[in-house]
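In the two assemblies presented below, chain A is common to both, partnered first by chain B and then by chain C.
Take a look at the complex of A and B:
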């Protein structure tokens, strides 16, 4: 059951990438969420004008603090404000959590393969965190496709985890074996849990990325019903 | 609500009467699908309606003989984007149900790939719904539901099943895929019937 709008107060901001920022928002009345869910965020201008957008949650715990991570869209109405404008102490409204499909629960024991493109990593970070908190032994890997090392969201946190692979599309760090380029079927075969282990797969990113990756996964033998996707942007 | 968000001014002050509450205008055409895009060929495509007494099934060529029409309509996604004045071409569901005998009043849409969504039959009739196979003068792209998707544009767009495979007539209104995963049983954008 989705409740009504809750008032949240920004308590922490952090620049994640040249175009992205994460926000921690304290939301009294928030009753927690499952990893992978999203939330509607509503902003109200002084004259009453409102704009609402959906964002994935990077957090998945029982506290009243939720974390979003937002990438600035060049022509966006809401994302430039969340990336560049909002300050600690500012108030906005949230409604959620939303969505019951693109979710991972710590009670699940199957291996999990996460595949992210750009800011699509956000709901997948929530899954990595939920697994860490629960202390489960279910294998969970992340393949993270991103333009350059500086474009990684939650880079420091991901450095502390095992099972993370990167595919850089534009620029690689010194000594990185894989040349820059988009994720290929060969990358997926080499860097992800094979279909024979029947993993649950979550793919999130821009539409073109998800289309390519999901198709390749099916070609590699994954059951389409075990490949959950979330896309953003047009096609 | 008495709060406002310091520093947020927003963009448009022109309230568009065609935009349902809580929606914004999208310039692009976002893709939302729960899984991989299925590979489908018109040669293998069939469409069926199952009823209490049997049903009707069409091949692609047979289905086209029902008579396509152009559709100009607005579409509204529950993730809050809308597009106004889109153009589609498709077979009206009125033509489909002219060939179907049923007393049942509810419909479950089934897709290639396993997606389902429910809708009352009356929402598909009287020029309100189509099986669309062109968008803006081009063949409907696979990621948008090609070769053919149902469109029932007066409801949130998750009610418009991509990769449509058939309809099953039901005695009662049962929840489909998203309706079991947090979204409203009916989904009227003008009443903001988004979530449970």
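Take a look at the complex of A and C:
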């Protein structure tokens, strides 16, 4: 649980995609977080107007540095500033870590299926990182639906991991067998851990994506209570 | 209509109002008696607050309205809360 707003300083930025950037923020007083949790970021305009938005954390450790990755929403109040405006040394107000439901703890031994749409991969990257650090043998797979190969967040890091499948919706790399298109029930049947193995499933992405995928998973026999979702609105 | 978020997204707003994590608290829907963690409920944001609806029957569980002077919290769609011990 949180003790209110903390002030963090941006210490690193990285362009991830044509519309997205990751930020590392040093937050004195941060007490660490579990993979899958989020923070609220609050911006205050000179006239006192405040806007608060939630962002998932890609980091999951006990340091005071947190990493977010943000996709620019064309008419957003906060995301354009985080993607295009903020610079190293700038300060941001943060509150968190938040949310004890959409989380994965390294002590869990069940197989884990992660399913991401676009920048919904961010909290799932935290889970992949937490698993790698813990050295646990629990199987963990990711199905990552994204427009084009250039739109992948954390692409280099994901390349080094096993168990990652991609479903491109607009454009595929040369030689990629699956034609471009949205994730279908057939994709889920072919590329994800079956319900018979009783996996914990985490789905994160735009609301429409999450609802389509979650419904298809239940149709494939998954227990709705084992399919945890995080919708972030948008198209 | 706004696209819904998960109850999970209200963790920060709830943290201003409650000492415990409301998103992992189980709530009983007064309308259909379904009991589940509030993280699974559907949240419809609007510029002044939030409406949280039951993931089983879609009736309103709670509303939060934020004004300059007060936060209005209406919990009348929830028959009871089951709060995990810390």
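Here, the second predicted complex is superposed on the first by the 230 of 235 C-alpha atoms of A that agree within 3 Å, B and C clash if a C-alpha of one lies under 4 Å from a C-alpha of the other, contacts with A are read in each partner's own complex, and residues count from 1 in each chain.
Here, a contact is a pair of C-beta atoms (placed from the backbone, for glycine too) under 8 Å apart; a residue touches a chain by one contact, two chains touch by 3 or more.
On a predicted model such as this, the values are computed, not experimentally measured, just so you know.
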Fit-or-clash call for chain B and chain C when the two complexes are aligned on chain A: clash
Which superposed partner A:51 touches (first chain B, second chain C, both, neither): first
Which superposed partner A:7 touches (first chain B, second chain C, both, neither): first
Chain B versus chain C as contact partner of A:40, first or second or both or neither: both
Touching partner for A:98 - first (chain B), second (chain C), both, neither: both
Dominant contact partner of chain A by residue count, chain C or chain B: B
Touched partner set for A:232, first chain B, second chain C, both or neither: both
Chain B and chain C footprints on chain A, overlapping residues: 1-2, 40, 52, 54, 98-102, 207, 225, 228-234
Chain C partner contacts - residues on chain A that touch it in the complex: 1-2, 38-40, 52, 54, 95-96, 98-102, 206-208, 225, 228-234
List of chain B residues in touch with chain A within their complex: 1, 3-13, 22, 24, 26-39, 79-80, 113-114, 141, 143-144, 177-178, 180-182, 194-196
Residue numbers on chain C that touch chain A, as the complex places them: 2-9, 11-12, 15, 19-21, 23-24, 36-37, 39-40, 45
Complex interface listing, chain A residues touching chain B: 1-2, 5, 7, 40, 43-54, 75, 77, 81, 85-87, 90-93, 98-102, 207, 210-211, 214-215, 217-218, 224-225, 227-235
